[in-house]
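Okay, so here's the structure we're looking at.
Lettered A, B, C and D in written order, each chain numbered from 1.
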Amino acid sequence: MNSFFLILLILFAGAGLSFVLGKISSIISGTVAFLSIAAASALFFTQIEMGSFIEFSLGGIQLQWGLNSYGYLFGIIVLGLGTLASLYSISYMQNKERTSGFYFNFVLVIAGMTGIIFANDFISFFIFWEIMTWASYLIIIYSGKNVKKIGIKYMIFSAIGAYSMLTAIVMIKGQYDTFLISDAINAGAFNFIDNIYIPILLLIGFGVKAATMPLHVWAPGAYNNAPTSFTVIFSGAMSKMGVLGMGLVLGHMFTADRSGSLTNFFSGFSVIYLQQTIGWLGGITAVIATLYALIQDDAKKLLAYSSIAQLGYITVGLATGTKLGVMAALFLAVVHGIFKGALFMVVGAVERQAGTTDMTKISGLIRKMPFTFLTALISIIALAGIPPLGGFVGKWMLYEALITESNSYFLVIVIFFSSTAAFLYSYRFLFGLFLGQEEKETEQVKEAPITMIIPMLVLAILLVITGAFPGLIFSPIATAMEFIGFKDVTWNMSVLNNVWGNEMNLTYLGITIGVVFVSIFAFITLKGLKGTRYVGTKDISTSGEIPYENENLTFQINFFQPFVRAAAPMYKRSMNKIWNELGNGLEALFNFTRKIYTGNGQTYALFVVIFLVLMLLFKDTLFV
Amino acid sequence: MEKENKILEAIKVAFNVEGHIAREKRVMITANKDIVSSILLFCKNQQGYIHLNHMSVVDRIEDGKFELNYIIWSPTEKVTIMLKTFIDRENAEMENIDSIWDQANTYEREMREMYGIQFPGLIGRQDFALEDWDEMPPMRRDFDTHAYAEKTFYQRPGREDAKDVREELTKQSGEVIPDFAKKYSRE
Amino acid sequence: MEDLGIKIIGALLTVILAFTVGMTYGGIVRKLTARVQNRRGPVIWQNFLDLLKLQSKKTNIAHGFMGHMAPVWIIISAGTVLMFIPILNGNLWFPNLTFHGDLIFLLYMMVFGSLGMALGAGQTGNPNSAIGVTRGLSQMVGFEIPFVLALVALMVQYKTTSIQDIMDIQAQTGTWMMFANPFAFLAALFASLGMFRYSPFDIVGAPAELASGPVSEFGGKYLGTMMSGGSIFAFIKLTLYVDLFMGGAGFGTGILATIMGLGILLLKTFSLYMVPVFYGWISPRYRTEQAIRYFWGWPTALGVIAVIWAIF
Amino acid sequence: MTSNNKDKQTIVEYIQNWSRKHSLFVMAYGTGCGAIEIPATMTSRYDAERFGIRGAATPRQADVLLITGYLATKTLKRVIRVYEQMQDPKYVIGFGSCTINGGMYYDSYNTINALDRYIPVDVYINGCMPRPEAVISGFVQLQKQIAEGTANNAAKYKENLEWYRANQKKIIKNWRMPDYNW
């Protein structure tokens, strides 16, 4: 049997089997889910050749599945993270109810995403896209809480995305008479000069999943409402499906050969406008999401907003349309999958062990959950973009691309503002959960089980490796970029370069940090070793006052109040409000429309007459 | 003196208590401890004396009584009423009025700690200003603070001659000390 | 191998230089502040005495692993950044790793220490530390904006992101960057006020209010190591500014040239250092949000003008 | 480790003591009215900073604990806590008559009379109030002791901890303090 079919069969069978076995025990169900995803990814990484494809027809429509280098890059994220997340889920979902449905949908989402990666034609692409969307919807409302508020919002925005995508597919079929993605690209469907609507409709469809402003409002609630082990996939991998689509469209759009076109100058100009618009949308998404992330008291919500901000950076990178920029975006997409996956796993571990993710309720878990803290620390360093971890490489490339290649100097400032403000919530996250005084209520908390620790540590180690040797990820990215139209993509194992010829050598950086670290750590530890004493967090100098056992002095409420005060004007507008106003406006419009249907036959006859008259009047302009 | 008379008469009529006008804007009333809260409520709700200025206690050890003073004030009339009552020193107990004025709670906690007067239903930490005090309440006049200090704290030698030296001084200077001042002698 | 030997000795020399100069500048500022307040003041080498005393404390308290590591983060950050900053232009002894890093990297690496130290302060469990940290981080978001605008302006104007290149360009054209793009220099200068945390931006460690803020639980060797790191950082910031805006320093590798270069460097850094110090003497303290608004006002506007100036 | 005899100091100890002497971070515990003399001592008129004396905000950083004036029993508990939180080597200066013999509060029911029964005192400055000159002379006295290596009362506290604890517990009845184990 062909391995494409086999992989999808394994996944769908795994979904069904875990649903059935879920009635017996949640652990068995989870194990089945894990095994099926692991088997699928083993097949994916070993059996499938790059560039191979199969064709078959279904109901008279020619379908094509295959694997290209671009899909392979996202396959790494989806199946790699999927395997780890499903392993993680076993312990996480252990004592929850209705796990069979959860695992069913979990594997189905993975299957949907794998299908999207395999799909070479728009029909199967769309079908798998909808499988992914519906399965994820069912997981979002799994907890039964906030179904109306969050589930419906997610559904409405997904529907907007799906409809615009479907419209675009129909338009492609109408104009180019093909369903194959490669044919459409070769025919210039994403060219933006000949077709303004197709790329924009597709971008709307993908933008919903990538949570780009102004289509992001569903994301924080949905990320927060889903069980944490699924949020790992949701934020780490599923949002990358939107990035996949956007990269495909934008990459071909910017690299398209426009030399033959008559309207060369203007088309180039309008592409620049689109590019700037998308870039700024990404930048503003990043800023606003960051501002909202740093006022959250709930760790999971904080990460949800942070995910949107990080997706904003990726959008900016894609919108630059330059080699370095797109490379930065794809690199950030991979690294974001890793560190955000790890961070959501951390939150899940805390939620499982301590019972809540509310940072005002728990603190000082570092001594109880050291490995979880280690993962959180490494991931946060990567998230904040601090050298020498993977996040820094992505940020560096993004900035350099914006400054040296794309000439978006003020966009750089916006991005920089967002990523500096990201330090605030990064610190808040670590401090809120792990640092501060130890609570009496969390005395009994223990480290998470080993099946949760292993995936977290694997991701943390990956972050360290990508920081030292980003070339490991550059190599699939480079081939992927060649697929979407960039030529001669160059990369080095651990030296970053920009077009002005400046370099950033990660080897020297790593060596320097290593030398300084070892010497200073040895000095600090050995110096006065006997006199150094470790004390508890209650032993603090509060003007001689001794805090009671049940007294917790950790500073958690209104954490960044001074900053929020200074940035108050930026908090006033919310996209949610604008959408609500739009909804109210539409309702008023519908009310107005209803007035046309008066129920009087004479009026309807009048409408028909008016319509005919109008058609006659404008017949020359309408039917050329 | 119209306002003062008015309020004094009103209280006298309502409660049958003694009282007089000490001076302008100051009315003194002495009442039995049982009707103190009623008078306060009456003044607060019906006469507009909505502000509790102060509560104080005096140790009348000679009479075996504690003298409690409630000082209330009306922002419209600008008249102060001093309501005085006497309670027994033994097992001193007084009605809790912090339901009438919240701030009374603080005064009552201080009285409880410093004089040992009990206010049934008083909510608040037992410690007010002192910490871990398990002796006689220190502000009662039968509490010998010097003896307590000598017993509890280490007395550094050199304190024995801490006597009143004013008599010696008057001999030298010829200054006359009035009688009331002589009481302050440490002896 | 000989090359490597020179590099290692050069690196050690750089660290010693940065440490000595940073500490001495701190002492001089204490002395000058005292003189301005009509006091006699401590001796100039007072900071060395303080450091020696702190390091010779017999007992030390740590609140856990992150608390233990806090000074280590600072020194890592300081030491690494120091290696990537050109001290003397064209001098054999001080090139270090200048050619292998650039401005964007420096911006991020400089934050490393503060964040690591913030984590250490967080683990102590002292509420004052956490409050100080939130103030410090918030203030950082404030002053980084004009600073980055200034840097972007420089990068755009001369099409390079390397400090070494910017120094070379200044040497070639003979024009200091503070005259070539005065707005960028002004924006960066305003940002430096916040960076050095002298008054009016010293609310982070307000001693009377927050019990010295983030460092309130650190003493002995921890405080001493932090102090050394802070001194190295002061030197780093000053040298960075001098390299970027005031043409750097350095004439060559000879002994005389090295001494002269160092002299020029000290002169320039010291005069630059006096700006935040002077500003501090005459200013009361800003609250955090006032400080942030201050940086987002005129300094940011100057930065925007600088970028526009650089583009055209 | 610090020896009592000046001649026995090693060169390392000599340097350490020299630096300690010239860098005194003072935790000015404003327990009583004496705190008002501290601003005068630190500011322009008397300028204690020229001796390397400098304020420290927390006990972790401080070398000298300055008890300014009378000590209520309630405050004593906090003072002991602060003293135990300070890092070795540490010194205590008793400031004003009240710390010596209770001063004018000698017969008060809640003010201790002799500070050195509860924590070891290196230098007493008498007077009510001692003027800034007296304060500085007290500090100079302490500096002399440090240089000679005789200001090792912290070690004495450690050795005679039981005696000090008994005295402290006599006053602080509800003893709820972390252990002092060095």
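One rule holds in what follows: a residue touches a chain if its C-beta (ideal position, glycine included) is under 8 Å from a C-beta of that chain, and two chains touch if they have at least 3 such contacts.
Computed from a predicted model, the values in this text were never measured in an experiment.
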| item | value |
| --- | --- |
| Of B-D and A-C, pair with higher C-beta contact tally | A-C |
| Between subunit A and subunit C, centroid-to-centroid distance (C-alpha), Å | 36 |
| Geometric centre distance via CA averages, subunit C-subunit B, whole Å | 62 |
| Between subunit A and subunit B, centroid-to-centroid distance (C-alpha), Å | 71 |
| Cα-centroid distance, subunit B relative to subunit D, in whole angstrom | 40 |
| Junction residues of subunit D - those touching two or more other chains | 58, 60, 77, 85, 88, 182 |
| Residues of subunit A engaged with two or more neighbouring chains | 531, 533, 538-539, 541, 543 |
| Multi-partner residues of subunit B (at least 2 other chains) | none |
| Pairs of chains in contact (touch as defined earlier), listed by label | A-C, A-D, B-D, C-D |
| For the subunit D and subunit A complex, residues of the former touching the latter | 29, 58-60, 77-82, 85, 88, 176-178, 182 |
| List of subunit A residues in touch with subunit D within their complex | 531, 533, 538-539, 541, 543-546 |
| In the complex with subunit C, residue positions of subunit A that touch it | 364, 366-367, 377, 381, 384-387, 392, 395-396, 399-400, 403-404, 409-410, 412-413, 416-417, 420-421, 423-424, 426-427, 430-431, 435-438, 498, 500-505, 508-509, 512-513, 516-517, 520-521, 523-525, 527-528, 531-543, 553-555, 559-563, 565-567 |
| Touching residues (chain side subunit D, partner subunit C) in the complex | 1, 15-16, 19-20, 22-23, 25, 43-44, 47, 49-50, 52, 54-58, 60-63, 85, 87-89, 182 |
| Parts of subunit C lying in touch with subunit A, wherever the complex brings them together | 55, 57-66, 68-69, 71-72, 75-76, 79-80, 83-84, 97, 99-102, 104-105, 108-109, 111-112, 115, 118-119, 122-127, 130-131, 133-135, 137-138, 140-142, 144-145, 148-149, 152, 155-156, 159-162, 165, 211, 216-217, 220-222, 225, 287-289, 292-293, 296, 304, 307, 311 |
